[in-house]
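Have a look at the structure below, then the notes.
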Amino acid sequence: MTTLLSMQHVSKSFLGVSVLHDVSLDLEAGEIHALVGENGAGKSTLMKVAAGEHIPDAGTIHLDGTAHRFTHPSQAQAAGVGIIHQEFALLGHRTVAENVFLGREPTRRGLVDRRAMEERTAQLLAELGETAITPRMYVRDLSVARMQTVEIVKALASDVRVLVMDEPTAPLAEHEAGLLHDLVRRLAGRGLGILYISHRLREVFDLSRRITVLKDGRHVTTLLTEQTDTNAVVRAMVGRELSAYYPQRARPEEIGDVRLAVRGGGNGRLSGIDIELRAGEITGIGGLQGSGRTSLARALFGDAPFTEGTMTVANHTLRPTSPRQAIRAGIALVTEDRKAEGLALRQSVRDNALLVTRAIPARGRRSAAGSIGQLLERVRLHARSGDQQVQFLSGGNQQKVVIAKWLAARPRVLLFDEPTRGVDVGAKAAVHTLVRELAREGLAVLIISSELPELIGMSDRILVMADGRIVGELPAGAGEEDIMRLATASADREAVA
Amino acid sequence: MTTATAVWRKRGTAALGAGAPVYALLAVLFAALALTNPDFYEPDRFLAFVKRTAPLVILAAGQYLVVVSGEFDLSVGAVVTAGVVVAAELYGSFPEAHWLVISLALLLAGAVAGLANGLITTFLRVPSFITTLGMMLILEGAVFYWAGGSPHGVLPEDFRILGRGSAFGWLPWAALACLAAGVLAVWLMRSDFGRTLIATGDSERTATLSGVRTHRVRVLAFVLSGVAAALTAILVGGFSGVSAQAGRGYEFEAITAVVLGGVALGGGRGSVVSAMAGAFSLQALFTLLNLQGVSGALESTVQGVIVIAAVGLGAANWSRLRRTRTRSSGGTPS
Amino acid sequence: MTGTTVAPSAVLKPDAVRRSRLADPAVGIWLAAAAVIVLGWIVVALAGGQLLTRTNITIILSNSVALGLVAVGQSLVILTGSLDLSVAYLISLGTLVAAETMASGSVLTAVVAVLAMSAAAGLANGLIVTGLKVNAFIATLGTAFILRGWIEDNYTGPAGKVSASFQHLGYDRIGPIPVSIFLLAAVAAVLWFITRRTRLGHHMYATGGDEHAARLSGVRTRRTVVIAHVLCSLCVGAAALFLAARLGSGAPWAGTEARYDLDSIAAVVLGGTALAGGRGGVLGTLGGVLLLAVLDSVFNQLSIDPFFKNVVRGVVIIAAVALYARRGSRRTA
Amino acid sequence: MIRSRLWAPSALLLASALITSCSSDIPPDSPAGSKGAPDSGSDGKQSKFFDQAEYKKQLKLTRAAPEGPDGKPWEQMIEPKMADTAQYKKKGSGGIHLCFSNAGVFNPWRQVGLTTMKAEVKLHKEISEFTVLDAQGKDDKQISDIQELTGKNCDALIVSPNTTATLTPAVKEACGKLPVIVFDRGVETDCAVTFINPIGGYGYGAVAADFLIDKVKPKGKILALRISPGVDVLENRWSAGKAAFDKSELDVVDVKFTEGDPVKTKSVVADAISRHGTIDGVWMDSGATAVAAVEAFEDAGVDVPPITGEDQQDFLQAWKDKKLTAIAPTYPTFQWRTPVIAALKILDGKQVPKKWKLPQPTVTEDNLDQYLKAGMPPLHYAMCGCENLPGFPEAWGKK
């Protein structure tokens, strides 16, 4: 194999704070090279240096042996380095084709050649076996998974030879992730070099040929995948063994009476929902992206309310039609999109933690305001101080702030949508323990997760959804296969979404 | 977001708090005033300056509430003009009316105008820039249509005392009003309302999902801005009597002041105190130009340069933050 | 205020594409303008007048030219996610420069001078917005102040003299059509072409839609914003030239007393361009301008109190945008 | 095939149509204007608006005795050169359709004026229709308005131009079609049948300045307050005032623009006081903000020095109540009556002066009470000659 991309002794610091220190990494043609490390390890910064979004203070970047010094993403693209960000760089109000060729529109006699643009897009989509997307669709009308696909097409359109993928499967459900994996392998098969950032160690081991571990901006090690194992990698990442990944499940006597129950609940996206959440129990929701898991959470939280069926909260009949009502009834929702829906990024930790109690100054706000310290301690938040702006916190700590925000409101029912998305391994464990503790204290907990190990590890029982219905229930410790079988039983009908 | 970058970003922020540039500017201007004409600081002179500045400060405080919630209020100038004209008209019809009644009527009217702005902006989802622009046209048009081009009444002394007179013979009522408004604004921003207002300006979605009634909060902000404008009208009318163009250009001055105070247009950042400081520095600038005998014509040039420079300075320190902000709002799929 | 967060709808609507094309505000505003013409014609007829006489058509059209030129330029800037509040003073200065250069030099040099000056002003705006990262609202407000000072310090009233040959631009007509309309048409056509058919145009939409996303996609967003500002100012320059031709000399308040700054923005938004940027276009803006011009003419015919006009204008603007908001929500709902 | 065959002829047709129908509303020759010199502060040189000859002429006119009925200054004329108007004599009977293109009603002076003019129209039964178009201060719109009115079969057109230079082409165009009467501000053409205005800015400015020169002790510090640069009438007032001051012992320490905004005025005056210690006299180019200036002195705890204002009600009131040393030269609003009278004369074929100069009375200590009418609105202009017009005083806003 020939070395495609080689970054040597790269260093980068912002305002004198070193973020990358003398990191070297090389990528061969046709290789899938995984890059792992806790949040703050410098993965993203390294990737951005490769993609020309950051200019390195020191170090060299060679492509096919020729040295490059990128000062703008477009240069990196021209040189053949494409990057797919966690947050999509897509324009909702433009068509797929326009997005795919954004910044590189083909021109004929100086004018943009729509025809060519759309034909090429269609062709690329076909190559990826993506039939449901047409070049003229508006991106705003696509599902997350399809946006992901558009992103990839976008990268391919500029016939890159190095493709950087920053947690591409984070927003995807298992089987979609599976499809993506196949796709990535095919791309590698074509001789592309792929740098693959991920928190999901399992997919890292499935996919990669080599694994490079970063920690605190330094290169720890680069291992051949077949010669190492999860523990070794985790050790390299966090510098310690993570013995028990998941806390003890609830013992039967810990499970109390029903806190929230829905009978025949339904709306535009859900139908025939029967569900009971019990005090002290963690109910897991499995299913594919778009199977209605998030819709269920939003319905329970009154954000996209049920339009039919009955719902009782703590034995009071109530079908919340607004989050406010739900919160008053003691329901809390930790959303999957922390930055857009969970936090006011430019406000302090304290202000975020107190937001709910301020919005609804009903029960126990005083104590909440007073005991902000204990509250942060409670969620093991290592914020320098309550005055720090949350946008400066790591993903894990941000998630803790969100949880603190809800605890301040003293909820009875706690809904988690992807509780550990974009949270690094160390923090993950912390969050998991915290969630279990809360259950032990008598809260009814519901967890939605695309990460099967997490779902299985945390849940006392698992409901599987498909097509907006609950298609089956599994006991604790069910296998991944059982879940997938239920989830995909009707996968063909689920094609859209 | 990496903890490392977090560190430097935090330092960056700590280094210059949202308002820092404005206080520097204010200090420089006051120093310049002291040098160029020392007796500027004689109590009565300075109080006169405060009295003259009070209206803009109050206006800025009101504007701040709207801006920090992520909106604009371009109608305040029109509200001021309308306020003065309406007062004169009312006195024209009821010369014996008690000043308190008229004042309350004005404040109420201001609140109503603000309410309209708020409801249109939130419930009809019209960008506030347009809503308030329209409101500006409507108010100016309606008021003069009603008054037949120019107000008919005279503003009696007892009404004008608030804008012109002084308590205990030395402390201008306007200064007191300004102080009161300031204290009120600070208290407001520390209250639940204030915090939820900023949160709304920062991330409306988050606020909604946290149980904040974002519409109500924003509407309230507009109402308060309207009331502030009405109060300004009372002060201006009192300060200088009937005029058909009392509020001309005030909307831009208020917004300029707020932005000078390091408050980000678009919402979610900045303190009301620095917004009011912005108003003070703006007025100090005008005064300095006057005392320097800068040709009346050139004044606006200097003003333009300084505004751009000051805001540019502020922006430079925020550029990094702005990038992260755009990213976080840059389409994370939910 | 930046960017559009991409909110995916779980279920893909195949007809969404068609509907979004139908809901294109540009269509709506032209229909609205047509409606206003018909209604106005009826109302005026009832009042015993005649709306669509030769003179009135000429007047409606030539009244649309100045605002039209400014507004199409403005829509470019707004599309790109920026804003220009300095247009009014730039127009005033433009008329003065034009008239004075013509008084001494040739028409050509005058045109060149005005356009050059406008381009410079636009460049300044663009660089302040992108370079100093000053919010466009404040940046252009600042330049407006600067221009104002310059004007008031150098001109004490109408100045210069526009050569007779050049005044044809302001007064000639073909049948009821003033030739100046062709200037507007030409400029609008060029801008439409740029926005729809060139890469620059695509990049403008991208930058306005989501500055960060555009940059990550390799778009030179800053350059795009700067160019947008320059183009806008060039349009303003054209408007200034037209006004100079019409006024016969330069006037320090030609731009400000007509409130071209706010009016142009109103027209743009009336034309369905999103104030946040990324959506809309030049055609809609023209519709907005026409609508305002027709309204004015109707008011004239009915000799309505000028103060009352403002009330109606305000209501119209707000109502129109409220309507767009409803449409938009229905589409993405 | 078919299309191509049809194309050529239709194009020809179109082209010819265009050519034949192509026409221009452009006037024969176009207006003059000259470079605006930087506005001079209190140094020696004069602004471009200073016209020595005109200045001298106006000073002479102020002393000349007007012809015409006493007590009706709006019908008086100074040193008139009559022009024959036979060709405009309205044929046939039937009501007269009078049209008026107004620059706007953007200030109280024009408000009072328009009210007065409308009342004057009511006086004359023979006027069956009176159409007013308001340009809201936009030159461009007023040009269109004039074009529109010329197409409205008016018998005569009254124009109050928004700007001297810029309206010239449009007025020229109108002159060709019907008798035009220009008043208040002039245009740079004499095509109008008559141009009506009071003596003018120089007279105004000079009267005010001479008053101060007379009342203020030599070396006294004068503060000159102006509305805004670039308005010809106001520029004339200032240049005349300046000419007088330059000759005098007085020292003009500051020339400031107030934009007619009382708040700004008070600030400016207050700053001037603190900057120069004392101010011994205030010269104003219009009365709009005179009261604000007076108050500024009061608020600063200083005696109000000799001050010049205008015939605005609130100033006259303050003058009386506070026993000020003041004078109020006027730019009389009764001139809004004259155009209507002139129009009727013209349509009747009677002679009118080519340049109809109206007297420009000054309000002084002695005749103050004659002009100060209790209960009139503060922004009313006393010199409206409207006391015996229908609807007075309610129509002028007395409550």
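Here the chain labels run A, B, C and D in written order, and each chain numbers its own residues starting at 1.
Criterion: contacts are C-beta pairs under 8 Å (C-beta built on N, C-alpha and C of every residue); 3 or more make two chains touch, one makes a residue touch a chain.
Please read all numbers here as calculations on a predicted model, not as lab measurements.
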Legend entry - Comparison of C-D and A-C (more C-beta pairs in contact): C-D
Inset, instruction - Round to the nearest whole Å and give the separation of the Cα centres of subunit A and subunit C. - result: 44
Legend entry - Computed distance of Cα centres, subunit D from subunit C, in Å: 33
Legend entry - Distance between the centres, which are taken as Cα means, of subunit C and subunit B, whole angstrom: 29
Inset, instruction - Please compute the C-alpha centroid of subunit A, do the same for subunit D, then give the distance between them in whole Å. - result: 72
Inset, instruction - Mark out which residues of subunit B touch at least two other chains, giving numbers and ranges. - result: 149, 295-297, 325, 327, 329-334
Legend entry - subunit C, residues touching no fewer than two other chains: 4-8, 152-153, 210, 212-213, 309
Inset, instruction - Specify, in ascending order, the residues of subunit D that touch 2 or more different other chains. - result: 39, 105, 229, 257
Inset, instruction - Just spell out which pairs of chains touch, all of them. - result: A-B, A-C, B-C, B-D, C-D
Inset, instruction - Report the residues of subunit D in contact with subunit C in the complex, numbered from low to high. - result: 17-18, 21-27, 29-39, 47-49, 104-105, 131-134, 136-141, 143-145, 147-148, 150-151, 163-166, 168-169, 228-232, 235, 257
Legend entry - In the complex with subunit B, residue positions of subunit A that touch it: 13-19, 39-42, 44-45, 86-90, 92, 144, 147, 171, 216-217, 301, 303, 323-324, 327-328, 333, 335-337, 339-347, 351-352, 354-356, 358-361, 384, 388-389, 391-395, 398, 405
Inset, instruction - Would you tell me which residues of subunit B are touching subunit C in their complex? - result: 70, 120, 124-127, 129-131, 133-138, 140-142, 144-145, 149, 252, 255-256, 259, 264-267, 295-305, 307-308, 311-312, 315-316, 318-319, 322-323, 325-327, 329-334
Inset, instruction - Can you check the complex and tell me which residues of subunit B touch subunit D? - result: 37, 39-40, 44-45, 48, 52, 55, 88, 92-93, 95, 148-154, 164, 236, 239-246, 248, 286-287, 290-291, 293, 295-297
Inset, instruction - Flag every residue of subunit A that touches subunit C in the complex, lowest number first. - result: 53, 72-74, 77, 83, 85, 88-94, 98-99, 102-105, 107, 110-112, 132, 136-144, 146-147, 154, 269, 290, 295, 340, 496-497
